[in-house]
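Order of writing sets the labels: A, B and C. Residues in every chain begin at 1.
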Amino acid sequence: MRKRLFRMILVLTVALLSILALASCSEGGTEEGETPVYRDGDTVYLNVYNWGEYISDGGEGSLDTNREFEEYFNTYLSAKYGGVKVRVQYSTYPTNEDMYAKLKNGMVAYDIVIPSDYMIEKMIEEDMLYSFDVTSLENYKYITDIFRSPYYDPDNRYSVPYTYGMLGIIYNRTVVDESDLGSWELLWNEKYDGDILQFNNPRDASATAMYYLGIDVNSRNPEDWIRAIDKLKEQKSLLQGYVNDEIFNKMTTESAAIAPYFVGDFLTMVSEEENLDFFYPKEGVNYFVDAMCIPKASKNPEIAKEYINFMLTEEVAVANAEYIGYASPNSLVINSDEYREYMNTEYLAPTYDDEGNMITLGAYELLYDRKPEEVNAAYNALFPDKQSPACYRSYTPEIQILLNDLWEELKIYDSTETWIHVSSASIVAVVLGFAAYSIYIKKKRSKHYRKKKTK
Amino acid sequence: MKKKNSIMRSIAAAPHIFWAVLFIVLPLIIVVYYAFTDESGAFALENIASLPKYAPIFGLSIELSVIATAICLLIGYPLAYVISKAKPEHQKILVMLLMLPMWTNLLIRTYSIMAILDNGGIVSTLFFDKSLRLIGTKGIVIFGMVYDFLPYMVLPIYTCISKIDKRMWEAAADLGCNTFMTLWKVILPLSRSGIISGVTMVLVPSISTFYISQKLGGGTFELIGDTIERQFISGTLNTGAAISFVMMLLILLSLTVMNKFADPDDGGIIV
Amino acid sequence: MKKYASRIYMCIIFGVLYIPILTVILFSFNAGESTAEFEGFSFYWYGELFRSPDAWVALRNTLILAVSSSLLATVIGTAAAEGIYKMRSRLIKTAVNSVTNIPMMNPDIVTGMSMMLFFAALVGILGIADYNDIGFLAMLISHTTFCLPYVILSVLPGINELGDTLSEAALDLGCTPVKAFFKVKLPNILPGVISGMVMAFTLSLDDFVISYFVGPSNFQTLPLLIYSMTKKTVKPDMYALSTIVIVAVFTLLIISNMRSAKKTATPKRKGARAK
């Protein structure tokens, strides 16, 4: 009897739990975190959420930035925060959209994220970021002027620039003819069927088509997006694949020969495979800025600020810039001779003619010669009614939904071949035929036996 | 007294039943809940209504996995037969050889196929001057499925064949069957339940795979597993739940149908 | 003639099955950075791997998880098998069996998705601010759940075969039911229990899909690490890691096979399903 009661209680608990679960799903969202009370000897976990391979992590003799921060904090700053120890929990995401989704789910309280410009704009609009005066950070003064008060954060209240980079096309010199270079058209060139890669995310992929077609990448006209995706559909049969991070492996093993990607990543690739080269297409390019932000759900915004500040110090910023290979908005990095030399020896060395003039650019020059100002000017000349930086802007919700649908359409588009229909259909036919046959035999036999029995 | 006893008898199963209800049934209920609600938690049929859009993906996944399963059966059945005909001491080694790849992580095996057959991979570099173009085709995805799941086909068939009474062979021979006829009329029908569990064990993981298609398919086409994974990482969980729900129904349904054809007394897998 | 044909056939199939695995092992000793061109034999990448803290942490996590989830699954599963055996009502028995088999039948991706949604809901109700706080628990529960059916399936035949006579004798001789189970039944069904535990251990060790869905950011296991390593530039250190995993699993398999060879138990009815 008691057991029975016990079981009933169990069942009730489960039922209750499930009802609670269902009820609270609808509420969602986490509570606003107050500043926690720090106690001596406690360990605070700082959740840092960053792009893949986007920080100097101690691999191959580099500086392990996160461990350095822990050490620095625990030695010098611990006292300021009641004697707590910090431990960095580092994890990575492949795209802005993935990061956004994880944050929106509210499953993990991240303390640092590093989204791109348009995503920051969107997150500010949706009140997802912690607001503070970023200029009050001790090392903020090192950020170069053009990256202060950016369009996505005009009052400097949410973000500290981390890296920036420009889009272009990476190609393999041994495969691509020189006469085919210079334009986005290369990505649609049938000569290189099966050698071309494309971004595996709607924003960047459609941007390549939009540059080619001369459409503004921040267009609010649905027609423009439909045209862009149609152009991508045209390209699909030529592609080897839609890729994100896999591009590194594909290009460095020479599995593919053409891919749109960022100049910083090109440097990483060319240091492994010297046949690779890079150009900025003539129709126009844009640049992105990735910046460090503190999500609103952060439980330790004060410590997160210390982390951001630490990332701006010379040694750390240089180590990161050297490791990642992207351009840095930090003047300490840009003006560092050690950094310049490192980039031009480890990544890509410039070549000189007899008179000492540079013929091909070194890594450092490739990164910093094309200034964001110029790119902005070119963009504004192309779309005179815009007068804004040549960066992605966050899209309107309608465009967002449309683009997601279009992207799914693209993925499904022309994805099956006749031989697959034919062979799978014939297999199914054979199986069904066999099943029918065996049922028929069975019936015949049982009839036979029944007859025998009645006899 | 008697009643109490009967519950007491199986009280040992209580923790498991508790566990199963809480961590098997409840999560599935939550999947259904998500499938029928929108992001705000209100009842909605949009997710289910949006499913026809994914019909081509479902179709492609089913087609590719049907082809892969058929190839597995065609290759696997003779292999199982040959193993069962080997000497008993050899059989043990052969079975173990078959199990080793099965226990090797799927990611590793799939990735190494890619490293070997990629356009800039080993075979291509050695023999084709990097001009081989296999990755990104559907053929290579089917190959990946066959390679990854073949042992799951062979093992159950092997166990089934090796359990068949040796005297069956003699009886068939006495009644005038040649080897082929024996195989067709006696051995094949008797190994039916092995075939069915083999087919299940290949079909289910290949319909739902996402790693194989991502690595070998190059992202130019999606299988249903990729779609679910994409919904998961992009946070559109309601759609993801709806697709998962339909896939689960489809699979459980087809397993039930298949089990109708297995022998009831040792029907491969019970649903 | 026929014999040769069948031998050649076996050689071809086993060759194809093993070439990729052997390639992984071979290239883990590559002196160069490439995974396509072999440039000489070296242990460099193993050294690199042992210096990387990620690999160690992942290895530790994987072992902790595999040991705890297989133990938990074995305890619950063995008890469950005994309970199921004793159930009188066929209906309940079938119901319990069907529910138990769901994680085995369902594609991993569906199990992973359902678990993920479940824990997301749990985080919501309990007001847990950070999923990482219950991350390990979530992994433990998920792994135990998908291991359970395999344990039950490998214990149940032993219990069925043993029957009731022995434990009834023990009861008649004055044992309590619990004592009778531990003193009489358990030693007799131990081979099944152990092989269930080994299977649960390897399944947990090998699982990628479910961990991928459920895994918190602060608890990375080896398969997850391998997955993240195959995303960008793949260097032979990934192969070195894979080789270690392969060797570990092979050793386990051989040990457990030698055990069963000694016992000359009936061959396993089915291999475990894909993980």
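Note that contacts are C-beta pairs under 8 Å (C-beta built on N, C-alpha and C of every residue); 3 or more make two chains touch, one makes a residue touch a chain.
Keep in mind that this is a model prediction, so the values were computed, not measured.
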Pair sharing more residue contacts (C-beta pairs) when B-C is set against A-B: B-C
Chain whose average C-alpha position is farthest from subunit C's own: A
Chain centre separation (subunit A, subunit B; CA means) in Å: 33
CA centroid of subunit B to CA centroid of subunit C, Å: 17
Junction residues of subunit C - those touching two or more other chains: 35-36, 118, 120-121, 234
Residues within subunit B bordering two or more other chains: 11, 14, 21, 26, 30, 34, 118, 120-121, 237
Sequence positions of subunit A contacting 2 or more other chains: 17, 21-22, 25, 27-28, 94, 105, 253
Parts of subunit B lying in touch with subunit A, wherever the complex brings them together: 4, 7-8, 11, 14, 18, 21-22, 26, 29-30, 33-34, 37, 40-42, 53-54, 56-57, 59-60, 62-64, 66-67, 70, 118-121, 124, 130, 133, 135-136, 138, 189, 217-222, 233-237, 261
Contact footprint of subunit B on subunit C as seen in their complex: 6, 9-10, 13-14, 16-21, 23-24, 27, 35-37, 76-77, 79-80, 82-84, 86-88, 96-110, 113-118, 120-121, 141-142, 144-145, 148, 152, 181, 202, 206, 208, 213, 223, 226-227, 230, 234, 238, 242, 245-246, 249-250, 253-254, 257, 261, 267-275
Subunit B-touching residues of subunit A, taken from the complex the two chains share: 1, 3-4, 7, 10-11, 14, 17-18, 21-22, 25-28, 94, 97-98, 100-102, 104-105, 194, 200, 236, 239-243, 250, 253-256, 408, 411-412, 415-417, 420-421, 423-424, 427-428, 435, 438
For the subunit C and subunit A complex, residues of the former touching the latter: 33-36, 52-53, 118, 120-125, 127, 129-132, 216-218, 228, 231-234
Complex contacts: residues of subunit A adjacent to subunit C: 17, 20-25, 27-28, 30-31, 33, 45, 47, 49, 52-53, 58-59, 89, 91-92, 94, 105, 107-109, 244-246, 248-249, 252-253, 268, 272, 297, 299
